[in-house]
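Take this structure first; my questions come after.
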Amino acid sequence: MSSIVWYLWIGAGIWGIGLYGFMRGPELLRRIISLNLMGAGVFMVMVALAARTEPTDGVLHALVLTGLVVAVSATAFALALLARLLAAKP
Amino acid sequence: MLSNVVEWLWPGASFGLANQLAQLWFGFTLLLWLAAACYSVTFIKRQVGFYWLFFIVAMSGNLLLIVAQDVLGFYLGFALMSLSAYALVIHSGSSQARRAGRLYLQLAIVGELLLFAAIVLRVHESDGNLALAELTMDSIQPLTLLLLLLGFGLKAGFFPLHVWLPQAHPAAPAPASAVLSGAMIKAGLFGLWVFVPASAVVVQQWAVVLLVLGLCSALFGAVIALWHQQSKVVLAYSSVSQMGYMLMALAIVWLSTGDARVMAATVLVGYACHHAFLKAALFLGAGACSSYRLQRFHWLAIGWCLFTLVALPLSSGAAVKYGLKQGLMAQQSSPVWLAEWLYGLLSVGALTTALLALHLWCLLRQQQMATHSQSMPAVSGWMNSGWLILVVASISMPFAVISTQPFWWASISLSAVWASSWPVLAAVLLFLIVRQIGWILPERWRDPQSRFVWLSLRAKRLYQTQSRAEWQVRWPGWRSLERQINQGLQRAELLSTAAVVLSSVMLILWLLH
Amino acid sequence: MSGDFWFDTILGLVLLTLALATVRAQQLAAAVMIFVVFGLILAVAWARLGAADLALAEAAIGAGLTGALLFSALARQAKAESAPVSKSSSRSSWLVLLLSLMLTGILCFSLWWVPLQPEHHLMPLALEHLANSGTEHPVTAVLLNFRAWDTLLELIVLLLALMGARLVSSPMLQTPQRWPLASQWSKRLAPLLILVAFFVLWRGATAPGGAFQAGALLAAAAVVLRLNHQLPPLHWRYGWVRLIVLSGVLAFVVAGIASALLQYQPALLIHWLEWPLWLAKPLILFIELCATLAIGLTLTLLVVGEPEELSS
Amino acid sequence: MNYALAAVLLPLLAALLALGWRRYAAWVSWGGTILSLLCAIVALQQVLSDGPQQMLLGNWPTGLAIRWQLSELTALLLLLTTVIHSLVASYSLTSLRRLQVAADFWPLSSLLQMSLSALWLSTDLFNWYVTLELLGLVAVAMVTLSGNKSVAAALRYLLLSLAGSLCYLLGVALLYGQFGVLDVAELATRMPASESHMTTFALVLMTAGLMLKGALWPLHLWLPAAHAVAPAPVSALLSALVVKGPLFILWMLWSQLATVELSHAAAGFFLFAGSMALLTGGWSALRTPYAKVMVAYSTVAQLGYALLAIGLALRSADPAFQLALWLFIIAHALAKTSAFLAVGEMQHSLGGKRVQMLKGASQTMPVAMFALAVAGGSLIGLPPSGGFLAKWQLLLPLWPEWQLWLWLLVIFLGTLLSAAYVFRLVVLAFDRADPVKPDFAPQLLPQWLALVPALLVWGLAFGSHSFVHWLGG
Amino acid sequence: MDFNSWLPLLIVLSSLIPGLLIFTLAEHRTLLRTCLNLSGVVIKLLLVVWMWLGVKAGEDYFFQLPFLPGGPFILHGDALSLQFVMLSSVLWLATTVYAIGYLENSPLRSRFFGYFSLCVSATVGLALSGNLVTFVLFYELLTLATFPLVVHRGTPQSLRAGRRYLAYTISGGVLLLMGAALLHSVAGSPVFMPGGYLSAQLDTQSMALIVAFVLLIAGLGVKAALLPLHGWLPEAMVAPAPVSALLHAVAVVKAGAFGIVRVVYDVFGVEVMQQLDLTWPLVVLASSTILYGSWRALQQQDIKRRLAYSTVSQVSYVTLGVAMLGPVAAIGGLVHLVHQGVMKITLFFCAGNYAETLGIHKVHELNGVGRRMPLSSVAFSLGALGMIGIPPTAGMVSKWYLSMGALEAGFPWVLGVLLMSSALNAAYFLPLLYRIWCLPAAEWPEERRLSDRFETHWMLLLPPVLTGALIVLMGVLAGTDISPLSWTELIVEREFGYVE
């Protein structure tokens, strides 16, 4: 079962790196990517938690799926905003 | 004693004349104001409306304070009288009159305030009842007595508190100064007589001092008068000396007991009435003398007034002076040696008064001679009638008024006549000697200027200062510092700072628990 | 040291290095590419952790569509060569590193306390009610029945993203001229993708799969066709485009209201989103179909939406 | 419960119709708002008559399904949301021609109302995550309504909002990992018993996320930029309602899930953050030269009061502080709506962003200026306004405890600062030296509509008896 | 809820409703505006007289509305409140007539008269308020209603004065609010009752009571212009004459003084004040304000600023009288509340006349005005003499009772303060009278012919003459039962159970 903990830590690591990227990244695009990394980290933690029980926890999977769709729509909107910002900047 | 409380006026308002002597006081004051009114009908030419307004207000104040049976009524009358007198003083509009007026007003206001404090303390001592009748019964604190003396003294104008009198009277027009020295300054004395409880212990002690003070004032007034060359100033100083005598009379009233006190009171009122008529007549005369051509009977009247001033026999002065001496000897509470000694000094007083009278006579004659060249108008009928009232009253006063009749008869007795006439003769003799050796007052000593006028100017400058610049709170120079902070914030990338703050908040929250 | 151990360790380390590389890469282009690879590896990791649906969704949405979006943003980024961003001073970068390290440490520390055998979780409850939920696959049951409200809100979020993108739509770069190989390839690939999408949709009722994954696949097909100009521009003005985009949410709401109307006993709307037993399966299928079409079209418009297309 | 659900669904239907049917979008959305207002009123009536109700969506057993709870508090918040939305919608309806991107405003505002109502009603952690996310996206989309100048601020707002949501989601994941339950009530029974590092960090994460989305003091940096560039009705909605959602969740979490000593520690932090918000927000509002930025900073400052109320309520379990918190939220929402609408109206007619444009506004646009002054009066807390009522409820329990004198001082300084920046505008308005001439004849109806919420909040104290009774005071 | 309970509300509304209507009037509708104004004034006066007779006969007027939990909105017409209501409604009549004349064809009159009526209804509400919470409410409304009047002219100075006015009064209001909250948490907000309602809490929470007292007095001190908090009053003189007349002679300043009376007598009560030993600090503060105000008034060269500083010192007479807790001192303080109002409003009216007709603002420009404007100058002189406390005027009566009360309450040194203050008053008022009456007239800064028959517009002339006459009548006819003095005795009798 130590693999669950390993994957939890990997998730935490990805979240940490994402946070680091979000804070440091000078360009806005890099920050958006770091946000996605943070999301991926969180989802990794959730999936690892779901994998603890024998029939993996379907409810948690559903939550992750919803999170994923929310993440992608938010990213799409952010990128559209970024595109408009870059287009507006002379 | 008729006094009824009028409910709807100020609290405790009641009017009435307490006793027979108050009625006499009211009588002579009324007569005096009537005479002055007649005189000023034609005498006043400038700003007639204002003059008559304030004349009437002063008169009503004077009469109210005599009639009032309650403290507030008295104080109302007193204030009306003294403040409206200011307008009479500065009526001529000259700079000298304005200066005198300013000194008069400053002292009048101070007097008002001291009097207000005295009355409040007095009413508080007699636990809050406002009627004058109850005030005289019980004891009095020394502070209250001192305040009363100062308050009324400033108005009465005896020796230490007389500074405004020699300035105000010459400046005022003749009828005004007649009324001023005839009726108004006596109101101060009336107040003392009404407010101070004679039987109190502390009053007995202080009465002796007042006795001496009165005499000093009498002598001081007469002596200083000799130095001055203007007739009105001399008259003013003679008022100061006469107020000294009246203060002695008042002191005698306090010192004597029982019917001796009644007798002394009669002397006091008689003296006041006598002085009122003669001083008013003299002032009217002095006024007329400078700008009108006087006939022979005018000079006769002036002569008669000087005659009564010097208290020669057959005059009201003799009666009153005799009564004064009787009272002085009759009272027991002051040490006997002091009584005799004062008795002697009274005759010296009479001497100086006689000198003053003669000096005045010469001044008036000179003044008339000086104005003889231009064609001066004749004295108008109104002025004559006012003058006539006064002279007749002065003549008829001693025997017309019942209470002073015994003194008048006593003063006709041989010893009284000699006692009252030798000082006059001595004075005449002295005067002739001086006239012979042709000794006149050195220039430097003539008309000494009183220091108080200069002091009152300094006081005015003290309380009419220019306003200090309004202090402004000055903001420290942090405007530039703030601009730097703003620029710093602008430069910092909002996102990274917000993210850093987010992580630090998480860290802090975690470390907190 | 069973094979699994080695596989997990390598997979974890690969994921971490890829993430670090994305953040630290000098050029943005490299970061984007590494991120796409990271997405794929992540899908593998989830498959390893037994979440088949998620692996499919991650691959399709996470790697595929997000990658496409990032590439188009990258193109703009290069075009508008903005002024070099001021290099944040070294002092603050150290602070940032320290902060994120500490937070990650705390997270790992607290994750250490998580009970490996959770004493209670919702799965047994879900399985117990799976029977009358209208589908066999628990994830689809949770998504479309037990927590249908979340899914409805999620569809609204997607719709909202599209509305937002429409508001700020900026002119698209002109697509490169027709590339014959690509168009040939897309002609063959698109029908396959559509087929797979509908298969995934149908299978979702019983096994991993479902509206979102199918929608993503459909969007992929549409994007490829659109890029090769084999698909007419999808103007927002057209009624049918709007209808399809709204169909997902509309279907859900209509079904919800219908379910409420059918059982109006205690109060009219009390049975909102409560599929009656006999109608559950067809209803879920109907919603899944509409959702797939809506998601497909929405994601297409998000990726290749033209400003004049999008503005009404 | 029926009507509460209707109050959520009506805006959703209105939004869909508005998207589909473009020409009548305005009237559809406005109708939806008014109908939901009626439903909210009826819902409140129901709750008052027969107590709090709850509903399991799709009535699956409690753990599985999402639970909605309609207590007096949530009914009141629902009513507040519908009232403010109907006011803003009618304001926007009157000034329709001037709002450039009018068409897209309507569906977004209906979606905003729907998401907020869903947030008030639900008690499910993950459902809160989705509603928060929806709220954030709608808010960002509405900010971008005012064109190019708002894109930068909107993007920063979006990114920070996403970061906040992810932290919140991680917190939810940790809690689910530990206890396997998503519903707050059930969690409240399990969580205080087994308190561990995991649960603490989960709470820390969720608090940080919510503070970021709710612009509470240390994490408020994005708010002034975002609210200032947004069009008037949007910034009114944002300041009045959007920032209150996360605050509501923050309170729900800390009041139910935290153990006693954890809540004491957090109380210290919230009190410090609240007082700093009051002081720095007030100072920035006083010093900023731009009118809308000033009103935005005043939001940051006034949220300080809410933080104070939360801190005090956590420190001593006195219900009066909770009452003060909700009264404050209601009063601030109404006052801020009126303030933003008035400032927006004046900014639009008199032209220019700076505060100086208000010079002589009491002559040129008296009604709008009066609305701003009345709203300012409530922000300061002058009687008989709602702000005064909230402050009164906050002061009453604070006085007997002597060791809390510092927070009394903070409240005093905060009131003075708020008085300073409100009257800075009012004094300018009375400057008859050279009043700024409006570009065109200012419309009267929008000004009157901006005045309505101000008058509502001005008389709130008179209706306080019922509020206090409802909120269990 | 019979009519007795509706009367207080009607009194407050009788000026509120016309005010709100006037707001909506267009600028040129002078006739309608004047009718509205005057009808409001007359109705209010009738209602007040009605209530006055009722209270005299012992009726009870009590209106209640739920306001704060535990603190209802109460309007209660008792003897003390009625005195202040009578004062403000009578003077409002005079000031309205004056304002109509003063603001002839000047801009923004609707706004002016609107806020004017709001301010008076706030004052009347404040007077009639039955508990501390209602008092705080009207106290704040008064600030808000008076501010637009202070900045009516809109010039930079008036804006600066407005800012300063707000800074003082708002912080004062907040202090009052916190004090009221403290008292509410300690003892709730019962109706004001003679003897106060804090005796129960005296032993347990004496510290809280002291803090509350300090806060309340600081809050009220701002409007009552006590020493450190008086800065706004001289600045607010830039306002137009009717504003400075009504507000700074009657409404605002008296609200503070009236508040102190309420707090000392009806909230804390005499016993509690003595036990907590709170009297002497207030007496010392009031005395120092009296002397400081008079001293600063000496130095002012601007007439209205001199009058403002004189107001600062005169209002502290009321505080002094009340703080000494003796029944006679209370009579002195309360009757001075009325007298000072009438006297000061006369002075401000005349100052306004001088400024409006001859453009006189500075003291040295006053030379010879007595000849050019005799009636106004007579009124001015009466007011000045009243301020000094010269007997025929009402000032003498209040100064008399204050002195007697000071001695009776055991503060002999207060008598000295009163005398010193009268001397200073004389020092800065008599020179004015001297210039008006005794100095020759120079040419006027800017003379305007306002009316051919009288010296100035009749509406500007009538009010000061009436109030001037009132000064003397109140002084001389103080014994009559409609005079303020006898009404004050009624109050003190009910408040203290003390029979004069």
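Brief remarks follow.
Chains here go by letter, A, B, C, D and E, matching the order in which they are written, and residues are numbered from 1 within each.
The criterion applied here is as follows: a residue touches a chain if its C-beta (ideal position, glycine included) is under 8 Å from a C-beta of that chain, and two chains touch if they have at least 3 such contacts.
Just so it is clear, the model here is predicted, and its values are computed rather than measured.
Of all chains in the assembly, those touching chain B and also chain D are A, C, E. Taking the mean of all protein C-alpha atoms as the reference point, the chain centroid lying nearest to it belongs to E. In this assembly, the chain whose C-alpha centre lies farthest from chain E is C. The chain with its Cα centroid farthest from the Cα centroid of chain B is C.
More contacting C-beta pairs link the chains of C-D than the other of the two pairs B-E and C-D.
Note on chain placement: the centre of chain D and the centre of chain E lie 43 Å apart, centres being C-alpha means. Between chain A and chain D the centroid-to-centroid distance comes to 28 Å (mean Cα coordinates, whole Å).
Chain C and chain E, compared by their mean Cα positions, are separated by 73 Å. With each centre defined as the average position of its C-alpha atoms, the distance from chain A to chain B rounds to 104 Å. Among all residues of chain E, none touch two or more other chains. In chain B, the positions touching at least two other chains are 495-496, 499-500, 503-504, 506, 510. Looking at chain A, residues 15, 19, 22-24, 28, 31-32, 45, 49, 59-60, 63, 66, 70, 73-74, 77, 81-82, 84, 88 sit in touch with two or more other chains.
Pairs of chains meeting the touch criterion are A-B, A-C, A-D, B-C, B-D, B-E, C-D, D-E. Interface residues of chain B, counted against chain A in their complex, comprise 495-496, 499-500, 503. Within the complex formed with chain E, the chain D residues making contact are 360, 362-363, 366, 373, 377, 380-384, 388-389, 391-392, 395-397, 399-400, 408, 412, 415-416, 419-420, 423, 426-427, 430-433, 461-462, 464-465, 468, 473. By the touch rule above, chain D contacts chain B in their complex via residues 156, 159-160, 163-164, 167, 200-201, 204-205, 207-208, 211-212, 218-219, 221-222, 225, 261-262, 265-266, 268-269, 287.
Of all residues in chain C, those touching chain D in their complex are 106-107, 109-111, 113-115, 118-122, 125-126, 129, 142, 145-150, 153-154, 156-157, 159-161, 163-164, 166-168, 242-243, 246, 249-250, 253, 257, 267-275, 312. Across the complex, chain B is touched by residues 88, 92, 95-96, 99-100, 102-103, 106 of chain C.
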